[in-house]
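Listed after this line are the structures, all set down as structure tokens.
There are two complexes below, and they share chain A, which is joined by chain B in the first and by chain C in the second.
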Partner chain A sequence: MEADVHNKSEALENDSLAPVDRLRRLRADSPTPGLVEGTEPGAGQDSAMFVHAQSFEDLTADGEQEEEVQEGGDGSERAPEVEKPRSEGEESEETQGQRGEQEREQAEEEEEEEVQSGGGRVKEEDVNSEAWRSHRKHVFVLSEAGKPIYSRYGTEEALSSTMGVMMALVSFVEAGKNIIRSIHAEGYKVVFLRKSPLVLVGVSRTRQSERELTRELLYIYYQIISLLTLTQLNHVFQIKQNYDLRRLLAGTEHLTDNLLRLLDRDPGLLLSAVTCLPLAGSLRDVISSSLQAAKAKSLVFSILLAGSRLVTLVRKKDQYLHHMDLHLLFNLVGSSSTFREGEGWTPVCLPKFNTAGFFHAHISYLEPASDLCLILVSTDLEDFFNLSDCKRRFLERLRRRSAYQALQEALQAPSYPVSQVGIPELRHFVYKSKSSGLYTSPEIPMPYQSEEEQERLMGLYKYLHSRMHHPTRPLRSIYRCAEKENLLALVTSGFELYLCFSPLGTKALAVSAINKLLKWIRKEEDRLFILSPQTY
Partner chain B sequence: MMAERRLSSREESLLEVQVEARLLRVKMVLLGSSGVGKSSLALRFSKDEFKASAPTIGCAYLTQVVCLHNARIRFEIWDTAGEEKYHSVTPLYYRGAHAALVVYDICKRESFARAQLWLKELEKQYFPGETVVGLVGNKADLSDGRKVSLQEGYRLAESKGLLFMETSAKSGQQISELLMTIAERVQKSTREDRGLVEWREVESVGLHQGERPHPLGTCCLVGP
Partner chain C sequence: MLMISPRMAAGMQDKQYTPSLLNFFIYNPKFGPREGEEEKKILFYHPSEVEKNEKIRNVGLCEAIVQFTRTFCPSKPAKSLHTQKNRQFFFEPEENFWIVMVVRNPMVEKPNKEGKPPTVEYQEEEILDTVYGAVLQQCYSMYKLFNGTFGRAMEAGGVELLIQKLEKFFYRYLQTLHLHSCDLLDVFGGISFFPLDKMTYLKIQSFVNRVEESLRLIKYTAFLYNDQLIWSGLEQEDMRILYKYLTTSLFPRHSEPELAGRDSPLRPEVAGNLLHYGRFLTGPSNLKDPEAKFRFPRIFVNTGDGYEELHLIVYKAMSAAVCFMISASVELSREFCEQLDSLVGPQLTLLASDICEQYNINRRISGPDKEPQFKFIYFNHMNLAEKSTIHMRKTASVSLTSVHPDLMKILGDINCDFARVDEDEEIIVKAMTDYWVVGKKSDQRELYVILNQKNANLIEVNEEVKRLCATQFNNIFFLD
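So, the complex of A and B:
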């Protein structure tokens, strides 16, 4: 059945925190690219780079109670299979008594195709206007005393009555000893997440599940923690219950805005994974070892980014970074121009590592106009000059080994077009190796290049993702013919794969594409993934 | 600031020789409310540029070398964030500073009030004369929106014996004057041996290899 893979894979992931030799052997021997975690294409050879997050469940685990997932048969090492469709043009997995829901989803899908204006923060927007109401996803943050803290659209002041209503709802239901989770009305989902001392509310017209929305709210919560630490947050509210937290968060609204944009667009946040700058393996190794050599006592993580792609990451032995913390760092760097001038030095809390304390991050671009940004995460507030020196040593080494120029060139080169894979009708895909926590994806092809279309494609992946990871009825594969494309998703204990075909693609084609794609990724894994992560 | 272009090792060693003699490090901190233009001033100081900027996160470190007639001064500028949440770490940056600029926006009274608080806080840390403190009214290009008069700023500075200037990071007005004046005062205060400041010659400039001569007029390329 479909519900099977899920728990099995969890068990495996836990077992293989440090991939063992057996797995490495399997990886080499495996005739088809390994489906077992640790042997799949893109799996790291040595120690893992990240904390092993249960891709999705881990993130929601502390946001909501974990629901029981039924344990099924094994299924982890079987070849990928696709459930039989009832007919083309329908989803192929079994859904019992869900016709009504599906119809509603179809209706919502049409709504989604409306062109939405994306982009900049329109703070002064009239909160009574149609435009304000028509945003696809609103996010509000308030204190437990009902004080507005953040609103994605419109000013918090103008919304104070709306926030009042939400607070009333939350306290009303809590008084009855129920924790209010969500309200569904007229195509809207309203999701509440209570993380004392904050209350987060999402109001969405998208098809995203309640669970996914909750997870996004959790991201926003951690974004706030990363700026303040939970300790400080609790402290200010202990001293003054109706404290206006906007005072402390002033100047960071754009970080939250940008994170919400990433959540709408970036497959990495959906999959709890990061993507790498495609780079010859030998070059990446030179960069990694140069970064590793430029170490300092207080250093915990050294991260080299190219835009939103990872070039390499070196970590202190026994210290792992969580994807979510890395995404928060990406967001910090990506949403602010302030690190472009000079060297940045800022306290940052990595909430998945420790909600109580600050790390201190040295953030600087390798060159003023370059996309290459180095983040050095240290435990010592006073270690700035040491870290600055680490950067200098790193650069020196890169240059001495002529890697800097090569890296610059790789940066100029586009990523790869999907046509390189050579699968007809394939438009796009996202492949995540579970054991490395890395994913790869080709360039966004023509039909999806506009912001709206890119978000629509992501919306489709999100939908598939939520079906695959359904809390009570998880699936191992799903084939779906949507209006403008055909989609296939597959989850094994080793990887997650989402494929998007043109409407001309057939299901048989899609199924046969899987192995071909896995083989291609295996062939290219050296370039697309970080196979030998370093520690210092 | 660092590594703007690659220097050949020959160039690098030349630079080192040049600088060896008298490059003095001066720690300078910029303080003031958010949005008054500290980062914009810092960018003017170090690159003579003006760009749209977002609120600073944490702190930014920039450098610039200026030449006086008998010494070269390497300003190590700490551009702090004006936002409240970073105030707890700010003392780290003004501790031991040779120069501190307290900046306000001439169009925002609140920022002027805030500047006075900063001055009080600095007074607690230093004996007069030890650190060169400057009061800076920025955004002088926006004279239409002016809320703090030139006299007010001047009187406040005079009462405390501070350096005072109105500047515009946008137009560049008074920027080089400000930096040169500070450089001279810092040098003077140490010559008269009033400063506790510890002067260290830079052992190696490897760290700062990207540095170009400053566009400011008095800067000379030839070493002492």
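So, the complex of A and C:
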């Protein structure tokens, strides 16, 4: 019967892919002719930068499957030898030293953050208090032995009995040859995700669908894999079933905390897409080619970020970065200020690429005070100085072609107001080009600027997204009129579009806005998207 | 395993199984708190042949889930549990009494090559919580209508009596649950009102007054025509469940005589009574029969601070049906029934043909029925008025809808969206099949429209719905 359960999961995956195909076929004759995949505004001219990802694909497609494809494609480009768990003492001293250092830095950083933000990580909360219960979203990670690994709010110690109950529920349902998915109550849901050897549980008071929440838990799972690799994780628990994984993850909680914040606010994680820093096409080309020229033998990806936006990405031929891995890199960079102080050198597993091994990432800001961060991902543990040299050459080239100054200027006006589009009553929108995996979105406008309102707006987009991408009842479009705003979502084979109008916006206006906006994006696509991605 | 109504799907002979009832049980955790006494908690369990330890395990899981969710909200525990294979619904209608319904997810069985067992795929996204949660609550309401509360049985005869009553009621009732045909209408649990002009309505009201005046024993009266309600003296909640019983259980069982021809042997009592077409649907089937028993079903209705036990007399003439409710403390005699028959029979026969005539005139005025481009469901939370042009027939055994089940589920999805925020909203979606579905919520009213105009755009769809509102909702709900 065990085998039956396994077969089932395979069947489910196939099933989950099938509707997507059907969806694409159906959307090919969308009401906006000519905008089939690959020709929509923002579609790349050559090949895409990312692994092709339909929305929600990540939820069911297993990392392992994709990995096989990658490895089959080019075996020599695999990430280096799997590192053994540190507890065994077999890891090279150098790496260990660096990791240790990294962790110490992160730990310091965490303290720093706590001081800065005040509410950064309220650990000493009373888990029986009303305040603790009323958090909008709890996330718990535990081992299959029921040992606490992570809790977003409250200490793991205080929650160890709660987590024990969670594991008991999971096991109990499994004993009946079944799988627990979620519990629903008035005003909140509890979602379970079993990813051996871990169990993840989310408790949410948001309007998000069960599926959406499961996907967020999956992100958290990959976040942990990115620190340890799945191989190491499995190994640790094989040796000692009730191992306390917090020992290995000490000092990394803030990465998970930050990822959860991103999930609440960043449309990219919802859409499986990345947004770009608006930049004149010619300037971006100069930067890309400069980055392309600064290559090294074991370099796989060179990524230049401005905050959480992509400036450019250069990749080794035949190697694709999955947007999920890129988001994890964004999160790594965005959650620690240590990289500002010099060149960082850290092992990182990109779980959608390969859950078994580490890459080594050279992470540094172009200037300590700047938002521009360069990530160079290499397969070689000894590559630090080579990559440091790559960075130097890249900077030289940028300066020589006087692109550096222009880039700095572009940073000054980092986004655009929605008024530029010229559609009355339009407050905000998110447009994703499916073939390039890139999205664009204006600045968050007035009524949504507070943290709470911004998350509410994201919540609305999440609601639209989950209705549009329902696994068995997907929709072509949805229009929702309510007291605070009017929303329109549209998905075709080429793009996804989410619009937010003021309550004064009419249906006629919304209908005409689609074409107007698409035209505007087409006109601006050179600036808003990366149209010609580079490879080494 | 219970697998009902397999039907062949297209393609490789996949077998499709609709949602079905796996378990239905009622327990009270206070009844067997000590270890080894768990079985005492269980008051009812379907199917009863399930092995004792498994019953205890399943009840234990429910207790654990409910307890676990109290960690996050002590006052609002779990309402449902989703697993790969099934969904469980929890309902605590009276303190510490839990009713649990376990529904198996629909599934597809795909045959494998010889020797291997077929692959089973569970469709986990097909069941709507709101629909089955409502079905579960309906189960309790129906029990309560005929038996009063659990607490009442406990007071009258302790756990033994309660177990007896539950066994007697649910054994039969669960067989009438048809989980595969439940939809949005179960969520509303509304009442369909008969559209009527003012004059005819006043005639009915004065008829009710006259009868209540002459037969002082009558406490409450309800008047229906064509399975639709016209007048009711009961509280809304009581009428809602009584209406459900009448239209899905009692009326369908008695519909044959009217359909049968005048000389058919199915209409025995008509032959002996040429003055009118009236007859009892509950109680004696033939007054002339010297053996006739004058026993009527008992029902329990709300009286503010408690429950009132009543005899339920349902009397029908042609398409008009009247419910007379009389205090259960009164013994009903042959004389009373004859009196009622001779008083109500002729008047009701006359009234029924009046209503029919009036109805036909009104229909002719509003023009011939064109096959409309749309279908709709309307529900008003204030008076429970419901109208559906999607459902062709709703009886105990089957609910026939004229639209694809996926569209019905989209209606359910929109209804869930509405339920989450307490403000006016409108949602218009275009499904993959190019059907448009419109949901409107305003004040306490909800309207859902399905339009089959594949090439229309949002603006045209909006216009169409506006027209519909103007033509259909001007006078259709007289009691509105």
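The working rule: the second predicted complex is superposed on the first by the 439 of 536 C-alpha atoms of A that agree within 3 Å, B and C clash if a C-alpha of one lies under 4 Å from a C-alpha of the other, contacts with A are read in each partner's own complex, and residues count from 1 in each chain.
Quick note on the criterion: contacts are C-beta pairs under 8 Å (C-beta built on N, C-alpha and C of every residue); 3 or more make two chains touch, one makes a residue touch a chain.
Keep in mind it's a predicted model, so treat the numbers as computed, not measured.
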May I ask you to decide whether A:Val203 touches chain B, chain C, both, or neither, giving the answer as first, second, both or neither?
second
In the overlaid three-chain picture, which partner chain does A:Ala293 touch, first (chain B) or second (chain C), both, or neither?
neither
Between chain B and chain C, the one with more contact residues on chain A is chain C
Once the shared chain is lined up, is A:Ala510 touching chain B (first), chain C (second), both, or neither of them?
second
A:Gly251 contacts which: chain B (first), chain C (second), both, neither?
first
Applying the document's definition of touch, where does A:Ile183 land relative to chain B and chain C: first, second, both, or neither?
second
In their complex, what parts of chain A are in touch with chain B?
227-228, 247-252, 254, 332, 336-339, 341-348, 361, 364, 366-368, 381-382, 384, 388-389, 391-392, 395-396, 399, 404
Chain C-facing residues of chain A, complex:
4, 7-8, 11-12, 15, 22-23, 26, 31, 133, 138, 162, 165-166, 168-169, 172-173, 176, 178-188, 190, 203, 207, 210, 463, 467, 470-483, 507-508, 510-511
Inside the complex, what are the residues of chain C that reach chain A?
57, 61, 64-65, 68-69, 71-73, 76-86, 110, 117, 119-126, 129, 406, 409-410, 413, 417, 420-421, 423-432, 434, 457-459, 462
What does chain B use to touch chain A in their complex?
1-4, 6, 34, 39, 42-43, 46-47, 51-63, 77, 79, 81-86, 89, 92, 206-207
